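After the C-alpha cells below, expect a handful of questions from me.
Labels run A, B and C following the written order; every chain starts at residue 1.
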Amino acid sequence: MTAHDAIKAGNADFPRRQWYVGAYSHEVSRQPMVRWLLDEPVVFYRLENGDPVALFDRCPHRGLRLSAGTLVGDEIQCTYHGLRFARDGRCTAIPSGGPLSPRLRVTSHPVVERWKWIWIWMGEPELADPSLIPDIAQFGFGNPDWFDEPSGLLSLKANYLLPFENLLDASHISFLHHGLIDAGNVATLPFTLEQQGPSLRVVRAIDQEPISPLTAKTFGFDCDRVNRKIIADATVPNLCGIRVEVAPADDAGKPPQVNQLIVGITPQTRSTTLEFTAVAQSFPFANPNREEDVRNLLMEDVVAMEEIQQLFDRLGPERSIELSVRSAEPAMLMRRLVSRMLDAERGVSPVAVRS
Amino acid sequence: MTAHDAIKAGNADFPRRQWYVGAYSHEVSRQPMVRWLLDEPVVFYRLENGDPVALFDRCPHRGLRLSAGTLVGDEIQCTYHGLRFARDGRCTAIPSGGPLSPRLRVTSHPVVERWKWIWIWMGEPELADPSLIPDIAQFGFGNPDWFDEPSGLLSLKANYLLPFENLLDASHISFLHHGLIDAGNVATLPFTLEQQGPSLRVVRAIDQEPISPLTAKTFGFDCDRVNRKIIADATVPNLCGIRVEVAPADDAGKPPQVNQLIVGITPQTRSTTLEFTAVAQSFPFANPNREEDVRNLLMEDVVAMEEIQQLFDRLGPERSIELSVRSAEPAMLMRRLVSRMLDAERGVSPVAVRS
Amino acid sequence: MTAHDAIKAGNADFPRRQWYVGAYSHEVSRQPMVRWLLDEPVVFYRLENGDPVALFDRCPHRGLRLSAGTLVGDEIQCTYHGLRFARDGRCTAIPSGGPLSPRLRVTSHPVVERWKWIWIWMGEPELADPSLIPDIAQFGFGNPDWFDEPSGLLSLKANYLLPFENLLDASHISFLHHGLIDAGNVATLPFTLEQQGPSLRVVRAIDQEPISPLTAKTFGFDCDRVNRKIIADATVPNLCGIRVEVAPADDAGKPPQVNQLIVGITPQTRSTTLEFTAVAQSFPFANPNREEDVRNLLMEDVVAMEEIQQLFDRLGPERSIELSVRSAEPAMLMRRLVSRMLDAERGVSPVAVRS
C-alpha cells in the first residue's frame, strides 16, 4: 500500500503540528469570537495592547464556551459562574471561592499575526516554530510596489483536500469555469511539477489564447488574444496560491502583469473547511466588481466540491473509489506529503516532510 | 426462527436481483436526471435515438455526480474535468490526457421501457432477464378498450414494506379512510388469499354497501348502494395493485365497472421509498379532480406510514415489536417471500422464489 | 472511582423507578396527547370520569402511535386498523377479527394528579408507590393563605442534570443574571448544604443588598436595600425549588415575604429535558408581567445550558472534562445520589438512596 492510499479526499485527517490561517486580522477584536478549527472550538480576542490571543473555547468548570463571556482587562471571564482566564490559559479568579488549582486551565494556542492574517498552531504549543509559517511575501503580499487586499472567507462543506486538489489541477477550468476564465484549451495543456519539501509548483502556459471575459476585466486588457501562464504554488497542508501572468499576445516584448490569488486552507472538521482568500497584483486593481467576480468564480468550485463531499458521505469510503488521471499527479503527490506528515505525527515514521 | 422474523417493516433490506420501476417515461429526457434507487445514485438520460440509459451517477475520477454534466451525443460529460462516458459505462475521453484504462468505468444498469414506465435492474447486469418484469397489461394498462394514465409519484419516508402491507390489508380503509372510500364495513369482511410464485392475490367482497363519496365520484354512480369487490394483486417485491369492481346494487345483472390502481414500489434506502402510481379503468374517466382525489387519499396512508417509520427509528428494532392479527396474513406471507429472496441472494438458500 | 465519576452532565442516564411530572393538569383532556418521557412515547388522555391515563404510545400491531387515534368511551382506538385498548393497556377489540391475545397490550403507566400537575411512574408499574411523590404542599402549593399558579413549560435541549446543577449553584446569578436579579454579590456568599435522603437544601443569605429590578417588581418593594435569603430545595432526581425570602433592610423586624419557584425536571432523552415550572407566594401577585419576566429570566439559563450541551455533544464525553469548584459541591452530591439510584436499579448495589 502506498502512503496516499491511506487517505481519501472525503474524510482525510489533518496534520496538527502545522500553522494554519485562523482568522483575518480584522475579525479579531476586543469582542471575543468563536471559531472551530481542527475539530476544536477556539476563542479569539485581543489584549489591551492589541496582541491576538487564542484559547480553547470551553470553561473547564462547567463547560460553557468562554466566547460567550466578556473581557476584563486582558482576561476573559466566563458568563456562567465568573471564572477568569489569562492569555496563557490559567484560571486567575473563582468568584465563589476555592483554590486556584493548576489543573483549572485551558490550552492557549500560539498565534502569529502576519500581513492581514492571524496564523494559529493547534499542535503541542511547545513545538510551535514561527519559521515554519509559509512566506506569503514571496507572492507579493506586503510588497509596497504591489496592490493587495484580503478577499472573502469561504466556508466549505467539504474535506480540506478537495480545495487543494481543485487548485492543483487547472484542467478543470476548461469545464467548470468554461466561458468565464477559459476558452476551452487549458485542459489539454502539458504541465510541469516541481517539489521542494512541503512546497509544490505546477506550471501551465498557453500562447495566443482567446481572452476570456473575466481575464479582460481583471487585467484591463482590450485585446483579442493573450499569452497566459498559470502557476499553482502549494504549501502542504495549509496554503495554495494561483499566480496568473498575462500579456497581450500582440505585445509579447512587454513583461506580463501578475494576478496572485492565495488561499489559506484550514480544516474545521473532516468534512468542513475554511478558505481564507486574498489577492495581490503587480498592477492597480482595475475591476470595480472584483470581489463579486472572484466570489462567483470560486462558488462554482464550492458547489462542485460540496457535491463531491455529499456523495462521498452518502456512499461511504468503500464505494468512493478514485481513479486518477495524469492531471491529478500533483494532487496525488500532495496526498503523499500529507500522509507522511500524519505518519510522522503518529510516530509511524521518523521522517518529517519538512527536512 | 421463521424466515420473516429476519426482517422488520421499519428497516427491511431489499432484493437487488429484481426489476423495479425507476422512472416514468416522461421524466427521462436529454437533460440528465439523478435519482437514488436501492441506496445508489443513478443518472437517467436518453440517447439521440430516444432509448433510455441508466448509469451509476458518480465520475470514477474525482467523484462528482455525472448528472451535473452535459450530454455530448450519446455520451455524458463530467462537469469537473470533462471525462466522458458511453451508454455502456466505459470512459471514452480524458481531455487532459492519459490512457483510457478499462477500470475507468461506471456501472450501466439494464433498463426496459414498458407502457409509460422505465424498469431498472440494479443487480448484476448479466443476470437481468426482461421476462421477469411484472406484466401490467394483465391489469388493463395498454388495453385499447380501457383508459389509463400515470398518476403521481409519491416520495415516502418509510421502508418499502410499509406501503406493501398497507395495500395488502384493506381492513385499514374502514379507519384510516373512513368516510371517504368506506362506510365502515370493509374491516370486518372475510378475505381469500392465493399465492403463485411471487404473486399474491387478496380478495374481499361486499354487497349492498352504502356508497362512499369518492366511490360515487370515481365511478359516476348516482345510487345509494353498491356491490363492491376489492382485489389486491401484489408481485413481490416491486408492485402492488388494487382492483375495485363496483356495480350499483339495484342493477346486479350488469357487469361491474373496474378501477385499477397500480403502485410500483421502489426502495430508495431502508427508510425511504418511491411509489409510482398509475390508474386504468374499464370505463372513461368521470371525475375531473381524480388526480387530486387520489393524491389526498394516498396521503392519508403516507402520513400513517411515515409516522410508523419515525416511531420505529426512534424506538429502534428491539422495541418495535409487531404482533400480527388475522388480516395481516397476506403481509406476513409477503415478508416470508422477501426473506427467501434475500436469503437466495446471499447464498443462504439455493431455492429462488420465482421457480 | 467515586460514584459521580460514572455520570456526566451532558449524557447522564436517568433513574426510572421514580415519579416525574409528566404534564400539567390543563394539558390532558379527551383529546389524546403524545409526549416523550424517559425515551418513550406516552399518550395521555382522560377517562369519561376525568381520571388521567398514560399508555405507551404505540399500537403493538403495526406500530402507529395511538395518540393519532380517537377515544371511544374510556378506550383509545388506533387510527390504522381500529384496534382498541383499555386504560390498563389490554387490547379490547380487533375489528378485522382474531383472538384477543393477552400479548396484544401496551404498558399502562401509573399516574397521580396532585395540585395542578400529573405525576407519572415510568418504571415497573407494580413498584409504583405514590408516597414517594415529592410533597409540594411544603412549598406553599395548595395553601389557601398563599397564591400559586402553574408557570410556563420549558423544553430544554440539554441533559436533565444541567438544570439541576444550575438551580443548585446560585453563584451563577451574579454573572448570568447580573443586573436582573442580583447586584453582583451573591456569588461570593458562603452557603450551607444539608441532605436528608434524596432531599438537598442549599441556603445563602445576604443583608443590606441593593435591590435588583426584578426583585423590586416581584415583591412590590419601593426601597433601596433588602435582606434576602435564597434557598434551593432539591428532591433528586425530579424536582428543584428556589425559595426567595425578602424583606426591606430598613424594616428588619417585619417577617420576610416569600416567592417560591418549583421546577419539575423530567428527562425526555439524555439530551433533552422538560421543565414544568410553577410559582407560589406568601403574598398576592404584584407584577402583572410576571410570566414574561420569569420566562425571560429562565431563558438566560436555557441558552447557557443548551450551549453547554451543544459543546458536550460536539466534543464528546472524553474531551468534556469538568473540574468542580467549591460552589459545585451540592451539584456533586446530587450526582452521587443519582449514581447510587442508577446503580440500585441495575442491581449493582443493594442500597437504595431513599431509606
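Just so we're on the same page, a contact is a pair of C-beta atoms (placed from the backbone, for glycine too) under 8 Å apart; a residue touches a chain by one contact, two chains touch by 3 or more.
No experiment lies behind these values; they were computed from the predicted model shown.
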item: Chain C against chain A, contact positions shared by both copies (same if over half, else different); value: different
item: Rotation, 0 to 180 degrees and nearest 5, that superposes chain B on copy chain C via CA atoms; value: 120
item: Intercentroid distance (Cα basis), chain C paired with chain A, Å; value: 47
item: Residues of chain A whose C-beta touches two or more other chains; value: none
item: Contacting residues of chain B [partner chain C, same complex]; value: 9-10, 165, 169, 171-172, 174-176, 187-188, 304, 307-308, 311-312, 314-315, 320-328
item: Chain A residues touching chain C - in the complex, by the definition given at the top; value: 41, 58, 60-65, 68, 77-83, 94-98, 101, 103-104
